[in-house]
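For reference, the structures are reproduced in the following blocks.
Look at the two complexes coming up: chain A is in both, with chain B in one and chain C in the other.
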Partner chain A sequence: MFADEPPENLVLPGDTLPIPLPAPTAKGAAMKVGPGLAHIPPDTIIPVIAGELNVDEKKRMIWVESDGKRYTPHLHDPVIAIINRSSSDFYHCTIPHSRSTTALLPHLAFENATKKTRPQLNPGCVVYARISLASKHMDPELECFDAATSKAGGFGELKGGMLFDVSLGMARRLLGDGKKLRQLKIRQGLVRAEGETGKKVKGAMCSGLEVVEELGQRLGFEIAVGRNGKVWVDSEDVRTTLCCGRCIVESEFLTGEEQRRLVREKIKEFGL
Partner chain B sequence: MPREPEYSNNEKAFVLEAIQQGLRVDGRQLDEFRKVDISFGEEFGLTDIKLGRTRVIVRVSAEVTKPYPDQPFEGIFSITTELGPMASPAFEVGRSTEQEVLLARLIEKAIRRSNAIDQESLCIVAGQKCWSVRADVHFLDHDGALVDASCIAVVAALTHFRRPDVSVEGEKVTIHTLTERVPVPLSILHLPICVCQISKAGGMAIEAVILMSCATQALLVVRQVTELLMNKLEEDQEKRVRRDNLLKASAENVRRA
Partner chain C sequence: MAPLSPHPTATLSCLHRADGSASFTHNSTQILASVNGPMEIRARDEHYSKAVLEIIIRPSIGVATYREKYLESRLRGALEPIVLKSMAPRTLIQVVVQIVQVGELGMKKVGATNANEYTPLLLLPSLITTSLLALLDASVPLTSTLDTFLVTVNPSNTDDLDSQIHINPYTSPPLLYTSTSAHVLVYSTSISSPPDWRSREGPYHLTDEAGPETINDSPQQGDLVFVESEGRFSWEVWERVEWLVRRECMGLSGKEDDVNMDVDEEIVVREGDEGRKWGKGMMARLVREVVGKKVGRELRWRK
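Let's turn to the complex of A and B:
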């Protein structure tokens, strides 16, 4: 994401914020203080992690974008977890790259699951799940369906394929935060959109998804990204899966154009 | 308590299948060594090694102490390793796992017990004063191959390290500061770079022929790594000379054959 130049609003823990807080639009309107920031009453906000400070004036949000390797569970995050064992009502899972030991996945938290029809998962199975409970003092809980619609919505057991490790920032980017961030920057005039000519404008950010777009045009594969820094890829053969996985892992610090080139080279290398 | 993450069935099956097709998950050849990257710090004896995604920093320091009473003519050399939670969430502070003990013993065996460093040269006044050289190994990122990485790192740091020069007049020992006299390198007898140390504690029997072919391959890798290390050391030396505006001063005596 920062391939072109260092971010402008770099903050370190304990810094005073380099930019003024977004002005209140209406009286009593709340402001959202996102990850990486701590609120010290009455009106001080300090960063608690190092990263790039982002402000969205429109939505009145402020947060720090940073990269790391340890995942802290947050509500509604999609994660890739591994089943450890099963007890009477729960599957006990591990969320890779996270500090907490186990996460609980209720047997009934699947689409159309009843006592009799619940999926039988063995230790070592991989599931794509969403965090339904995240608290500082308790083990997180997972669910494999949308509680409102009781549809799976893409969650569930991941069969076959391979897991690849990426950094947390990369995982967020793959899940589409990069695109949002880029739109925000364009709106703020920090970067200009890539011109219609396709020529790269200085400072233009890539969404970070170029690698997946390019792969999607050339190969057929399935992908699931967990916010905990795991990417699951599956395709019809080992070679394709490996090629996709390698491309994604290696594209972390590349610009959009470089990512596309990397994909083309890799595909040639794997002889696909 | 955090544990080493267990691999899922999917990963196990995939890795096995890929290996059957001659592919490795990280894109290397089947018998290819990881990419080694060595860099040195500002001070002498600070080395940063990257071996693939594993990263190790070694700091070598020296102080003057009293030698052990049973070895009055030898200096002290110790290696400390600690696997902290920075390397992997599976490691905890203050709780040494079996893996950690094994690792420390392996490094110890490879470097200290192979007499890589001439401990007698660390003696200043017999029975009274000697150098105590200490190598602190810090694991910053754990992605396997910790033994290889730490061995290369310790050897690199030891060769890079310079201790202050000492002069002895009768009972009086003077330690010259680094600016006063050119610091002297440690006398290192050989470079034990351990790529494929054979540590077999039980398990299946290995055929001698396979063992030999592994050893030949390891030799090639060791040569490459040694060459890289030497190049990097030279580079660093040149950089220092340029930076400090030094003449190529040397405290070594001219040796005649």
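Let's turn to the complex of A and C:
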């Protein structure tokens, strides 16, 4: 174990931003102020949570990368929700780890759903859904299909399997945010690009997906990750499911190399 | 008995079921705080435009009494100005602080002759810092961090006012017990804080949303957010205490240099410190160090 060094651009609430804001590309060009920052009119931006400050000059975005356990619904986020009850037009769901207890999932927000053929979901069913309405003043609404194409696109009921809890940062990583961040850092010259062969290069940044990649090479399983910090895993037998879930939960604070080692050890331990 | 240390230690995320938690140890004083939220609130407690901050203090022994209620109200006074409650309307942010062990910051009343007179004042800096750490760990939106100071005044030793004033006298319990007055001062370390104007009550609600004129109402850099004093002291003593602590908070140690400086005179900031002028006190440095480690741990997957 090595000491956990604070990141270079650590910010605490109320700090001065350690890096300059991205310069405007054109007059009147918009800038995206992401999570963890507050804008004080006219031109002050301060962090409101503790974390690592990131700037993307190209997309003109600025945000604070931080971990947490309490989920705040945002538009288009994929989440794992649990059905509570059904009323005439809606399923009333719970989004675990969310700030509000109830979310509405319309009966017609499924692929090929009509008044006559709508999916029958019972209380306790687990659904993979996307947030279609998010406001801090209102309960969120969910949908299980893409409104543009009316295809399910992977959303819908999750049958069987098991649910595991991870932190919000880990969930974002599993959904590919780590990879995006790595691309950004490579572009900014902060980390070195990984070699073509996949061999570990000194100074390279991991994507945080090593655990899933390693599991995928050795076991067959299905996985769905909700941004609310829930991971659903299913496979042919319970032992594989448990092994995958345990690996993901325990790899939270491990480096890429340690994650791969953990997977190898766990598979041996489970006798798979 | 172990030697008393001037430096407190803290760990974050020690309770894994809570959204955020912090444990604070200083000599034999130990405090544990947990934060949950923003989360669902009972309908009758909710506020239509802001989160409700609930603060619960539990004593180390027995059930909570008026003393804990008093501490809760004081702790609220320090935390309420920095929590951005408008970010999560109609929710609850719950701060639970468990006093595990009181230790040398015992509850003896400052300047009391009767041993049965108690005060919880000396515990306040630890309580404030622990709950601030837990709030930061839970990623609850805050406008600023806090720098907390405990000051005692012991006039018996000397006539010189500056040597009577002891900032953070944790290594020396006699200084805590023999003082004639004790003061807790909390400074905001923010550069400038956004106004929580969306949560402002009353008829000004709509006009407030219109413009940024109200920014000055929220704690700015180096604002004295909270103060609590106890014992007998004169106005001059209090002013001197405030001035000395303000210097300490800005990292200017010099009682020696310009002692005769006027209280109202502007304090010049050292070169290179322009970025973050405030928060050089013991508690603020602890907060920055502990939170930095926690964020570093969260980013470990990148290695």
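Annotations for the structure displayed:
In this text, the second predicted complex is superposed on the first by the 257 of 272 C-alpha atoms of A that agree within 3 Å, B and C clash if a C-alpha of one lies under 4 Å from a C-alpha of the other, contacts with A are read in each partner's own complex, and residues count from 1 in each chain.
As a convention for this text, a contact is a pair of C-beta atoms (placed from the backbone, for glycine too) under 8 Å apart; a residue touches a chain by one contact, two chains touch by 3 or more.
These figures come from a predicted structure and were not determined experimentally.
Applying the stated clash criterion after superposition on chain A shows that chain B and chain C collide. Applying the stated contact rule after C-alpha superposition, one finds that A:R70 touches each of chain B and chain C.
In the superposition on chain A, contact is made by A:R246 with chain B only, not with chain C.
In the superposed pair of complexes, A:I40 makes contact with chain C only, with no contact to chain B. Look at A:I82: by the touch rule set out above, it reaches chain B but stays clear of chain C. Contacts of A:T101 after superposition on the shared chain: both chain B and chain C are touched.
Contact with chain C, but none with chain B, is seen for A:A50 once the two complexes are overlaid on the shared chain.
Contact with chain C, but none with chain B, is seen for A:G14 once the two complexes are overlaid on the shared chain. Touch counts on chain A: comparing chain C and chain B, the chain ahead is C. Overlaying the two complexes on chain A leaves one chain B stretch of 4-12, 22-30 or 58-66 clashing with chain C, which is 58-66. Comparing which residues of chain A touch chain B with which touch chain C, the overlap comprises 70, 99, 101. Only residues 19-20, 36-40, 82, 84, 87-91, 136, 138-145, 188-195, 211-212, 215, 221, 275-276, 287-288, 291-303 of chain C touch chain A when the two sit together in their complex.
Residues 3-7, 10, 12-16, 18, 36, 38-42, 44, 46, 48-52, 65-70, 72, 99-101, 136-137, 167, 169, 173, 178, 182, 191, 205-206, 208, 251-256, 259 of chain A touch chain C in their complex.
Chain B meets chain A in the complex at residues 1-3, 5-15, 17-18, 21, 23, 25, 27, 89. Listing the residues of chain A that touch chain B in their complex gives 70, 82, 84, 94, 96-99, 101, 122, 124-126, 158-163, 232, 238-239, 241-242, 245-246.
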